[in-house]
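Next up: some structures, all given as structure tokens.
In what follows, chain A forms one complex with chain B and a second complex with chain C.
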Partner chain A sequence: MNTAVTREMGHFFQFLIQEMKPRGPWLTPFNVISVPVILTGLVVLYFRFVYGLGAVTNLSQDFPWGFWLGFDVVTGIALAGGAYVITFVVYVMKVDKYQSIVRVTVLNALLAYIFYAGALLFDLGRPWHAFNPYIGNSFGFSSVMFLICWHFMLYMVAAFVEFSPVIAEWAHWEKARKILKGLTLGTVIFGITLSILHQSGLGALFLMAKPKIHPLWWSEFIPILFFVSSIYAGLAMIIFEGTISHRVFKNLIDPDSHHAFEDIIFGLAKGAAITMFVYYFMKALLFIHGKQWGFLNDGWGYWYLLEVLGFVLVPGFMFAFGFRNRSLNIVKLASVLALLGIVLNRLNVSFISFRWYAEVHYYPSWQEIVVTLMIIFTEIWIFRWIVTRMPVFKPAH
Partner chain B sequence: MNSFVYVNIFETKGLEYLLLLCFWVLFIYLVRYLSAPVKKRKDLP
Partner chain C sequence: MGILVDTTRCIGCRACEVACGEEHDLLVPDVINDGALEMQRTTSDKQWMVVNKHETEKGDVFVKRQCMHCYQAACATACPTIAMEKTKKGPVIWDGNKCLGCRYCMVSCPFDMPKFEYGSWNPKLQKCTMCFERLEAGQKPACVKACPTDTLIFGTRADNLEIARHRIYSHPDKYVHQIYGEHEVGGTGYIYLSAVPFDQIGFRTDLGNKPYPEYTKEFLYAVPMVLFGVPAFLLGLNALAGSSKSGGEEEFDPDREGGEG
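Our next item is the complex of A and B:
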């Protein structure tokens, strides 16, 4: 028995070593750009952990949350919202049309949570305290951060379980694959529940900052706005990421899936159009209820209008028009605009409109931007490694 | 320190009802627009 297990383990490690070897050419434009950025980011992180946040960031007591939290965590998690939407549609609503994108979407979400939520450790003054809510040293039940800490951790586990049949299939563990596949529906429902709560929870983080956030961006309904916008952010991200993946990894995808993907894109565009329409009216309702027309007469007002009209209403119409006229280019452009709108909205709430009245305002240092790029590039490297080895572009069956 | 501020929630109610009415009318139009048979692309046979 022991000998058989040892032999099996030996085979697996040999297989793993074989899979670790790089595939494809090294000197590609992406590698040439990403490797120096990742190395520079590592140097910056060395300075951050040795000399503290002040050495590499423009954060201060007045602006304690900056680009790392605003972009990596608050925006990154919203963009990962596609996984809970698609798993809901496929596993709960039983719409089989989207089966072929479930695996890649879940993988994206898993990596996004690992990297973007993991990036929170760079932003915390004392990162070792991040484990306190888990180990019970200081649970902090009354804090929204307690909810977010636990949800991030549990969702990572849920996303890993949802993705694990792919790993089992790759490693030829047939029995394990069947067992893990049996866990999918329960995990999906658990994951959707978690996602809805922490997408809105990220908005709830800003509820206490009412006097500090510009009234055009602060609302007591900000958790609902964050949740609704995460739906179309996720859909737009799937369209954007899927379009790039189908171009870059076209040799890994069979031709039938290429044709089916166009139909999937249009289906996602339809969903995004409806969600953006609802979101736009929610914003309008809050605007009227808050009697905020007086705020529109200055730069902040124009900035707000650009976000709401230019990056919500316009891409919403473009999604609807692109779907109706079967125009892939319009849908793709709409997805880019919708993503920019989400980035803009999250950054506006996190730090752009934060203490808008302050004379000295926060702007990210080059080191903060490099570390963020490092995180994105590292995630793409891992994503590329996984999709070129595991059956990610196959439909979940 | 701010003292109690009275918020008259009825002040904007008329406009809010109007907006909601617009929302439902436009929403029905949007769903009908998106549910109608899609136009075929000219470049496809």
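Our next item is the complex of A and C:
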């Protein structure tokens, strides 16, 4: 009995070592760019952990949250919203048209949460206390941040369980795969619930910053705005990321699903168009109800109009137009604009319109940007490693 | 407990700043030579309180600023680990054993009082503690003890409000008829009297009277509803989707649809 287990383990480790080996050519443009960036990022992190956040970031007493929190965490998590939307459609509503993209979308979300929620560890001043919200008697139940901490952790577990049948399939654990598969619906429902709460929770973080955020961006409905926009953010991200994957990992995807993917993109475009119009309507309602005409006639007003018209209304129409006319290029362009709109919105709330009246305003340092790129590139490395080994693009069997 | 600051009495000697720095091992300013009153300062990670000079319609007014020790503190509500804590005695204090350094307290504080040590690998959040240890030992806060003009009065909030109202009523021409901190952000531990409108001496008058925790309360109240309501709703939807598709007979498994690979 014992020896059988040991032998089994030995086989698995051999398999693991085999799979660890790199595949494909080394000197690709992506590797040439990403390796130096990742190494530089590690050096920056060394300075950050030895000399403090001030040594590498432009954060200050007036701007406690900057690019790492605003982009990596707040924006990164919004862009990972695709998984809860797609799992809802496929597992809860049982629309099997989108079944072929479930695995890759869940994998993207899992990695996004690990890397972008994980990026919080670099931003925390005392990261060795990161487990405090989970243990001991110091539960800050009244804190939105407490909710976010728990949800990030729980959602990572949920996304991992949702993805785990793929890992079991890769490792040839047939029994485990069946058991894990049985957990999927429950985990999906749990994951969707968590997502609704922490997507809106990221907005709720800014509720108490009312006197510091420009009135065009602060609203008591930020949580709902963040939730609704995370839906189309996730859909646009699937279109954007899927388009790249279908080009880069062409050989991993069978031609049938290539064709099906176009159909999927148009379906996603329709969903994105509807959500964007809903979101735009809510923004307009808040604007009119708040009698905010007076704020429009200055730089901040134009900036706001650029975000809401140029990066919400315009891509919304483009999605609708692309869907009606079956124009793939317009849909792809719309997804890029929609994603930029999400980035703009999240950064506007978290630091651009934060303390808009300040004389000295925050802008990210090059070190902050390098670490962010490092996180993104490392995530892509891991993503590439997984999809070239595990049956992610296959519609499963 | 709280502190009443009567800004009409302050002479700008900054004895309180020196006492605070000495008491808490922070920066002890050289009040004679540093010329600090010529500029507008804020508290920092090295100074828990500062005195600023404001030029007003009634001449120069000196104002001591520090953590307001709000009755419903935004920072304590924001803190995920109760490292920022509103104590029963009144002071809002910080516990380094719990703090993550997420700086959500700084984002939430309407007075921007928590200050972060950006230059340290092991950063602390620095802010006035109303000399919590001294209070525990039955002493007055260091700044109150050091004040030579009785600008600062230490006592319960109720007593301080009575004193403040009494002064306004007895000298109606000397004071503006407002006690800053009586209603602002739901009431603060530090309250202020002034001879000129408060916006002239560096106070934000647009913060509102609503306690800041109220802003996130509704969202947090909705959390349990969503946590239990949404799964039930989704299960219901799932059952409906199933019965409309294949008569509800067989279990739908998307992974089975793709055929053997």
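We adopt the following convention: the second predicted complex is superposed on the first by the 394 of 397 C-alpha atoms of A that agree within 3 Å, B and C clash if a C-alpha of one lies under 4 Å from a C-alpha of the other, contacts with A are read in each partner's own complex, and residues count from 1 in each chain.
The rule is short, and it goes like this: contacts are C-beta pairs under 8 Å (C-beta built on N, C-alpha and C of every residue); 3 or more make two chains touch, one makes a residue touch a chain.
Just so it is clear, the model here is predicted, and its values are computed rather than measured.
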item: Contacts of A:272 with chain B and chain C, given as first, second, both or neither; value: neither
item: Touching partner for A:326 - first (chain B), second (chain C), both, neither; value: first
item: Partner chain in contact with A:200 - chain B first, chain C second, else both or neither; value: second
item: Chain B versus chain C as contact partner of A:73, first or second or both or neither; value: neither
item: Contacts of A:284 with chain B and chain C, given as first, second, both or neither; value: first
item: Which of chain B and chain C A:161 touches, first, second, both or neither; value: neither
item: First, second, both or neither for A:140, with chain B first and chain C second; value: second
item: Greater chain A contact set [chain C / chain B]; value: C
item: Contacting residues of chain A [partner chain B, same complex]; value: 266, 270, 273-274, 277-278, 281, 284-285, 288-289, 291, 320, 323-327
item: Chain A contact footprint on chain B (complex, rising order); value: 11-12, 15-16, 19-20, 23, 26-27, 30-31, 33-34, 36, 38-41
item: Residue numbers on chain A that touch chain C, as the complex places them; value: 49-55, 57, 59-62, 64-65, 88, 90-94, 96, 99-100, 102, 120, 123-127, 129-130, 132-133, 136, 138-149, 165, 181, 185, 189-190, 192-193, 196-197, 200-201, 204-212, 220, 223, 391, 394-397
item: Complex contacts: residues of chain C adjacent to chain A; value: 42, 44-45, 74, 77-83, 96-104, 106-108, 110, 112, 115-123, 204, 206-207, 212-213, 215-216, 218-220, 223, 226-227, 230-231, 234-235, 237-238, 241-242, 245, 252-255, 257-261
